[in-house]
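Notes for the one structure printed next.
Chains: A, B, C and D, in written order; residue numbering restarts at 1 for each.
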Amino acid sequence: MNLHEYQSKRRFDKYNIPVPRGDIASTPEEARQIARELGGSVVVKAQVLVGGRGKAGGVKLAQNADEAEELARQILGMSIKGHIVHKVLIDPAANIVNEIYLGITNDRQTGCAVMMSSSEGGVEIEQVAHENPNAIIREQIGPSLGLRDYQARNIANAINLPREHWAAFTAIAQALYRCYTDSDATLAEINPLVITGDGTLLALDGKMIIDDNALFRQKELAEMRDTSAEPEAERIARKAGLTYVKLPGQIGCMVNGAGLAMTTMDMIKLYGGEGIGPANFLDIGGGAQADRVAAALRIILSDPNVKAILFNIFGGITRGDEVAHGILQALDEVKTDLPMIIRLAGTNSEEGLEIIREANLSNIHSAATLTEGAKKAIAAARGEL
Amino acid sequence: MNLHEYQSKRRFDKYNIPVPRGDIASTPEEARQIARELGGSVVVKAQVLVGGRGKAGGVKLAQNADEAEELARQILGMSIKGHIVHKVLIDPAANIVNEIYLGITNDRQTGCAVMMSSSEGGVEIEQVAHENPNAIIREQIGPSLGLRDYQARNIANAINLPREHWAAFTAIAQALYRCYTDSDATLAEINPLVITGDGTLLALDGKMIIDDNALFRQKELAEMRDTSAEPEAERIARKAGLTYVKLPGQIGCMVNGAGLAMTTMDMIKLYGGEGIGPANFLDIGGGAQADRVAAALRIILSDPNVKAILFNIFGGITRGDEVAHGILQALDEVKTDLPMIIRLAGTNSEEGLEIIREANLSNIHSAATLTEGAKKAIAAARGEL
Amino acid sequence: MAILLDRNSRVLVQGITGREGKFHSGQMIEYGTAVVGGVTPGKGGEWVHGKPVFDTVRACVEATEANVSMILVPAPFAGDAIFEAIDSGIKLIVCLTEGIPVRDMMRVYEYLRHSDSRLIGPNCPGLLTPGEAAKVGFMPNYVGKPGHVGVVSKSGTLTYETVAAMSARGLGQTTCVGIGGDPIIGTTFVDVLQMFEDDAETEKVVLMGEIGGRAEVDAAEFIKAKMTKPVVAFIAGSSAPAGTRMGHAGAIIEGGEGTAQEKIAALRSAGVRIAENPEQIPDLLLEGD
Amino acid sequence: MAILLDRNSRVLVQGITGREGKFHSGQMIEYGTAVVGGVTPGKGGEWVHGKPVFDTVRACVEATEANVSMILVPAPFAGDAIFEAIDSGIKLIVCLTEGIPVRDMMRVYEYLRHSDSRLIGPNCPGLLTPGEAAKVGFMPNYVGKPGHVGVVSKSGTLTYETVAAMSARGLGQTTCVGIGGDPIIGTTFVDVLQMFEDDAETEKVVLMGEIGGRAEVDAAEFIKAKMTKPVVAFIAGSSAPAGTRMGHAGAIIEGGEGTAQEKIAALRSAGVRIAENPEQIPDLLLEGD
């Protein structure tokens, strides 16, 4: 789960990481009010859960409250890569001497957290990683020891931070690590961390991603989820415990297991050729029960592009009879004439196929293998079944 | 540093370990008042930093407030193994169904904390260890993982705790471990932990020892030190950063290093025979400087039994010239005619001996070796030097 | 022979009294696995499928001499369940639980590295050794068949798919290992490839990977440097758009790293034959002869 | 040869700018030790005895190729200093600092066990290898003399006493090791005895123990089972009353365990000759011939 910039920075503030004393506005008038209270020039920043907002014109400098209002008016409601701007952050403009990158993420290779820093702040770390990988300093953080002060000093030394900033830098690094850990974050990033004209460090921009699997114990953070920009179908899927990603094709896919779901998409692409593709990724998860299957089907049917549906269920923990019940239950609620190709295998698949057969629905076709299922679904999408 | 029972139990209470709701009294009148407020029968318990107070008559049951006052009058001022009782704890009497032992200490062998438990509570764990070692269940606690719930369950299972108490027991075990860790304790012990008539668990008696080396970061605990029972000389020594233990002999010893200090005592015993022994253990520590040496000398001279003083300094981190300055400084302030045998070796010992020689004091004798030093000190104590 | 699991494996199930725990232990017993007991705190003394339930893993191990643990407890408790298995001396731990927080797994991973235990998973389908009638986990009982191909996979259902296709063509397996697709797992492709390389009974190996991370690239490097046995692979997710998370925490292409194309290229250059469709895997295995 | 420390040892000093750090590095350099640099956070760029000071151990190691670290920083910072040395790849760490909280040492001990580093101490006098003119720690420069006796001791000054007495009688040392008397230490008697047993140059061994704990009993068991070289020992504290703490956290007799008598008995039964007085040790060493 991604946090907005302002949410991340408020969280940082709780850990005593210095952040600009700005505030959030939902209307141009609020923006003016905040800018007036801050005094001086301010930055108006679109709050969207997507990168590249600067290039898209979502971040602007205003000299005074009038300008802030005007810019907020332009930015609010703007669409940035499909995300509508509902809120802007009004921060006082900072006197920037130098920009640093400081972030923490999980490292798959070592199985532990890694703090990354670079003297080249303000640009995307992926870009630095690409163009000048040596500019990124990494310190592994063992979970039992946590970040040690000497590790922060190692970083400060390696990025050639002037020594007068070491104490402040170490405090910020420690705070960021605590914030990352306490929040079950998979990313906590200050970019840029700036040295200001008066010689202090300031977290000008912040980003946090919270581990979805840990939201059960992060109630406060879970409530911060901004669903206003989220597509309806994905929101419903999430609530039903499904993983759904909308794609531009015509064949709705319902599969159990991420690997098999991707494979099913791959097969549609492989055999479908130009103009035919999967309409979604949808993993009903392990042990999916009837009501979850029904929810999944409703989501697929809500996509007007869908011309055919391919069910590919290979039961392990998921049982074929429950999937069959789920399909019938959903079809009972959401009527459809779309052709459906059902491929059931694995645990209780015989029982499941029997249940489907007994329902005797004319738009349901069965397939014995994944390849056959994919080919039949493609034919159905083309109206050739 | 040892905490009193009432201090330990108040600390436990902070961690939500259930303790009796008693209070502390310094006078019989206060004891009566507390007993009256508690109502019913109470236990009057001497607060001394020494074991065996029960056998010494320091723990008594009172049926009512009058009896509580009377018993407090008997117990307050009592001397238990040389410790004067200044305070009594008045606890409500508990309805005891079963007594358990639960404690945590540092284990040298494994270098980590170990939780110990036994279904035979209420007696000293050392005694159980001696008589029935298998009755003590041990769970090692790795510092990075801390105590896990399953370890508490392992213990509960092994001491045959009825299952209805497991949840409460696990909570207490976890709280005790947090209390132990947060307090830099080297021992945190509930003995007995009782199962009461109404089926709850209650920490009837508690004991904590705090790591002296950690007191710099345990200000609150450091202030709990009860110096009222501590011998004056030991208190002064502690403040001066010295380790001093009073012993019944005649030869005051000032040595650097615990091992050499003990060896010096051993040599006095070895060559002294009947009636002659060390008057103290005194380690001036590594790198002892002049004022510490002076403090040490003053402490030794405050003991009226001392007939002779043996200085045995083998300089490593400690430097002979500084020891010499310290001795002269102390002698300047505290005049004495007692014979002093000085043996200086190691770092800067030549300089030290030169300084002593130049002071030209008639009661100072030098020795080249430890054996010679010990023998001369024995002779001096016998008035034969 | 086989790897990891054989007829001497004595399996305990942590979470045996749960809905899934009960069902899958039943399936395992039916398959022939020596399930010797289970653990659910607070339910010690109960029985499931005629097997005793204990409150602690230690008590279960003492009573049953279990040497393998299958963990199927809810995600919030799974980290502790793994610690308990390690501390109780279990040498092979198979954690099926999905959705364990990464922070918990980082602690588990650190502890595990310093222990003598091996963890398979979490979020994995488990192990199947058809020739020894031994199964731990979700793999459907009928998919496997005794034989000489080792199978290792990140994915669950994709594995069943492939193994079933192999068995249908007469290509049996020594052991099928689902390592799981989470960002932090106990046993990697490389670990399992090494075991198959060392296993006298395994003649060929099938590897099933997917987009995200670089485990398949590590596997390719290992195969190039160390493996003498032929390997056939399939990588799922060639149609996935970049930057999109596909279910598994693992299945996301991060900053241009971890695409199917790049993994396939690495494996090809290590001499691995790549299937375009998992149902082609039997063909590639047979072609090699 | 010798153990642990020789002329290839390149020593850095953590805490080199402190009063004691400065003095003892000077002594070490005078003795011939290759002190190559020091570390004090915030003082990088300074020089002590002509050696460069760095802000971090890592920077010092990169610049000087130090392979040994001597730690002499205040107790509250010593635990972190050890972690920093371990993380910087230092294989031999000698921590002289006294008064480190036990809780800190428990964490250090756990981390150390899983690392490739060896810790001597804390609260120890350090190491001396006279034949290689190498010293790390407090031992006075003049006490040692090249030779063939290995010395291992819990105590500091008692070691100087004994080593000086040996040297005066012509009995030189391979290496003198002060392991420290704290409850938790990095290297035990048994570890050092094993090294002396394996060291071709060491012919005899002197062990100096004291009351408290059971390290000397473990040593006795090791000597009985594994050692072929003669061992002479002295145990300090036979006159100490039970239950009284004698300075060292280690020097306390706990519940009847760890008395000098019991240690002496264990060592005797392992064939170790016991000195009543440390100044008798040279006699016992010479008698053996």
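Please note the rule applied: contacts are C-beta pairs under 8 Å (C-beta built on N, C-alpha and C of every residue); 3 or more make two chains touch, one makes a residue touch a chain.
Keep in mind that what you see is a predicted model, and the values were worked out from it rather than measured.
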Original post:
Tell me, which chains sit next to both chain C and chain D?
Top reply: A, B
**OP:** Return the chain pair with more inter-chain C-beta contacts, choosing between A-C and B-C.
**Re:** A-C
Original post:
What chain is the most remote from chain C, judged by the mean position of CA atoms in each chain?
Top reply: B
Original post:
How many angstrom between the C-alpha centroids of chain D and chain B?
Top reply: 27
Original post:
How many Å are there between the centre of chain A and the centre of chain D, using C-alpha atoms for each centre?
Top reply: 55
Subject >> Touching two or more other chains - residues of chain C >> reply: 107, 110, 113
Subject >> In chain A, residues with contacts to at least two other chains >> reply: 142-145
Original post:
Which of the residues in chain D end up touching chain A in this complex?
Top reply: 41-42, 44, 55-59, 80, 83-84, 87, 107, 110-111
Original post:
Which part of chain B faces chain C closely enough to touch in the complex?
Top reply: 142, 144-145, 148-151, 153-154, 157, 163, 166
Original post:
Residues of chain B touching chain D in their complex?
Top reply: 106, 108-109, 111-113, 126, 129-130, 142-144, 181, 184, 186, 211, 213-214, 216-217, 243, 245, 247, 255-263, 265-270, 277-278, 281, 283, 285-287, 314-318, 345-347, 369-371
Original post:
In the complex formed with chain B, which residues of chain D make contact?
Top reply: 20, 24, 27, 75-76, 96, 98-103, 105-107, 109-110, 113, 125, 137-140, 143, 153-161, 164-165, 181, 183-184, 208, 210-211, 213-214, 234, 236-241, 244-251, 255-256, 276-279
